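To keep things clear, I will list the structure first and then write my remarks on it.
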């Protein structure tokens, strides 16, 4: 029997004392205001028992973590047809997300990098009646919490500084891989990324990926094959150009966001979320990665 | 209780009747001679019980599958120091293995693509007293079979046509990431790739990766952390630019070779090897990938 | 004494009978309407004597040829400071204009590819009181013809389909190499490209580059050093990824546009313009290039 | 009447006092021994009158300048068929000469970068009876000087350290764009680059490019069209990724070598050679480029 609480408490002590915490994301003005000293962790096991420490109950901007949830919704709606518009391979380099898109004629390398997530957003804009409201309702249902909401000041902040996302969406449009107009798709995308959640809520949202498609209330959202595929994508593509490193050091499917959150999971065993706003050079939470490496090492548990 | 024999027999029937078998590798003259109709599969479970079908007992050139074994030996010898000379990220594109090496100043993206495997070969040439003999002895020990050997005609065939590998080794040398001379390293590398094994022997060689570092005779070759890392590398980098697809469809760490072999494993559960010489466009065995996709789907088992 | 009229007449006869004429640009709907059979040529020598044949008096959309004129105006205004924001090297590939911009951190490779011309447009928007009107006045002054004007339907056509230009401008903005907002700069840029001129007018506009900076009425627009530099840019960068080919076959500084026009010049000798709407695979007028190759071969004149 | 001697003397005075001289090439041990303080210049006008200053009579390794001479010989032998194996476009980046070759399937971008020059060497090895001797005889004939020779210690020095050239030749071989074996072609190539000449001899060798194909003794080596094309290649490709800068600042066709030499010419007017071993970051002679920029500015002469 693994004593998750003891491991988590140990991690919390170490992380609280860490002097090197990385740098808080500055490119979105609203995110730059967050306190770099925050650290939270929450783990839920397959018996729905929770273990927590630190600032686990404080909400933060989930940012790119939302890409897994929008992908899930898009797969719910159009199924495997999604793979006609997006590939499933890791992307390699960070700096080349537009280069790669250009080299591959407008087919994003995978759904967890920005170009892919923008195509997913386009699919949701096409198929949802009230895209933003309906997607928010889906996330609230996953977590079973109606208080989850967009952070409109963050969404607005991205809209006025997100030139690279505008460049990406226009490039997708030039290749005919965007059905709706650029403004509408990016408005949806910026809102999706602005959703605020805490560590516990994130583990509830990702519970389906560790529990064979079923949420904590046993409702089924995905088939077993769909779960396998989304977990595979998280493992190979969930951490930008550090996906290999995360698989190598941590060994869990997961997804990071520039808000400092990471959610990861071990199928049939546990789902965990960490939050520490300081990012390493690759854009992933520095302490979050260290915490998860320690968790899998001390618990002697990983998918490998 | 999963009936592996039944699943394997079903796979064998389907594969025997397949009309589309891909193309046998032609770039190495010796490999082009192999019969495209061959198909074999062997699975060993965690109780060391074997299940087999088809041409599982016929030996073939393991080619790139050997990269996992040379990596294992190199980690045995120099430990984590290996990562100063090789990275651990997936490479993305196939066509650019030299481009990528040039862009990244002579540090191969990972040890399972050719440039990385050549650096691993260089490490073994430096540290082994009789490199070829000692490495062969290591593989024989892993499999517990003294009859395993190099196929010298295959090794010679690669030596006279392997211009791209010569280009790679010279480029590594120009960046100072090759200690020994090009000829010596490539002689070792071509021999390593020429090792002939059958499906059963491959599952014995890879048993350590599913059995927490211990071979079938319970000798320990790797620590748990080392196993985790090598499995992570197989999953993210084991199938060239189709690694994402293999993770997505099959969901197991594994490694393919242009000889038509694939070895894959589920930690603590089973290790499996397939052989079908026809390759798909990405250079992986066509029927082998289909067989493994079916195995994990029907057994409802994968790391995800 | 070279008989330019005889050479031009010979070229006209051949070009009128050409069966292979390339393809008219289709990506801008308004341009696709042009008659592919049109062919015009006009040459003015250093004594201001004109030689002409075919549809030389018919106006067409000058498109990228305008980039040389906007560059001239920008150099007039801010001088060498322009080179802090744009480089002067040939770009090599066509397909990678965004890739290259990304690889080089938002500094366009040269002012004659789209990213560079958009930065030039940004400079003019910053420094001209009424950018569109003032730039048009400059072109009218160069040509000494008040009837020259924008083609607003072409400008509008580009605005609604120019996603790649929007992508480029947003990418420039993300690198901090665009001072004004994207819409304003592209509105100027699309208007600049939409200017309609005939072959004679183009030779008048480019007369300054063959006449040491002075126009036909002897007004000075550029210093000798500025002329040298702009001519060098036309030679190395004026024909997308076919610049080497044009230098090799024709041997004159020049600039092409997707409207089918080409203007070229031999310093101190002549300035010439051709028009044939069909483009080759690299996006340059097929018959125009052939005509100019023949002109320099028969006249035995080139910069080399 | 331009007073070339006065201009050259002024340049010499300035260059003698220069404190910033760039760095002498260190990658070839033999070249690293050269005295960085050397500076020589020699100009011959269309009346065969010579003007000189500094160390113009001292021989140095011409290195890449030899590529223009080997190209000339290859065009002499096989004519335009050469362009089936080499392209004529500028290459853009320096760092990517292998990447580019890979991206373009083994067809070098132009004959003045290493991959292209190695293909030219291969052509000469195929067609010359005694390749090294015959090529040397050709250069001696051009210059009318039997004392010109290979520097065997330089050739040997390159052979033992030229890993990148070995990588390039093997990559060409893998694409089927090398007829002879790698060792033979590179032995020729390293010898060709090792030829030692002084500034005066270089102007004699390049006299054909300024004199419509005829050498100083009026023997014809090239047609007018061939001269035009080789000059075009020198202008667009003669200075690695600084070709645009050289055209922009100097405005003459020319070629540099890492030995610190530059040869340039103005058709029908003059041919000039400079020597200063210190290189700028792009690998071109720092003082040589400054000297030539000043020459064309003070003489008010350039092809533009």
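A, B, C and D label the chains in the order they appear, each numbered from 1.
Throughout what follows, a contact is a pair of C-beta atoms (placed from the backbone, for glycine too) under 8 Å apart; a residue touches a chain by one contact, two chains touch by 3 or more.
This structure is a prediction, so every number in the text was calculated from the model and none was measured.
The most distant chain from subunit D is A, comparing centres defined as mean Cα coordinates.
Averaging C-alpha coordinates per chain places the centre of subunit A 55 Å away from that of subunit D.
Inter-chain spacing, taken between the CA centroids of subunit A and subunit C, is 47 Å. With each centre defined as the average position of its C-alpha atoms, the distance from subunit A to subunit B rounds to 32 Å. For subunit A, the set of residues touching two or more other chains is empty. If each chain is drawn as a node and touching chains are joined, the picture is one closed loop, every chain linked to exactly two others. Subunit C meets subunit A in the complex at residues 95-96, 98-99, 102-103, 163-164, 166-168, 170-171, 173-174, 182. Put simply, subunit C touches subunit D in their complex at residues 87-93, 100, 109-110, 224-225, 227-229, 231-233, 235-237, 241-245, 247-249, 251, 253, 267, 296-297, 300, 302-304.
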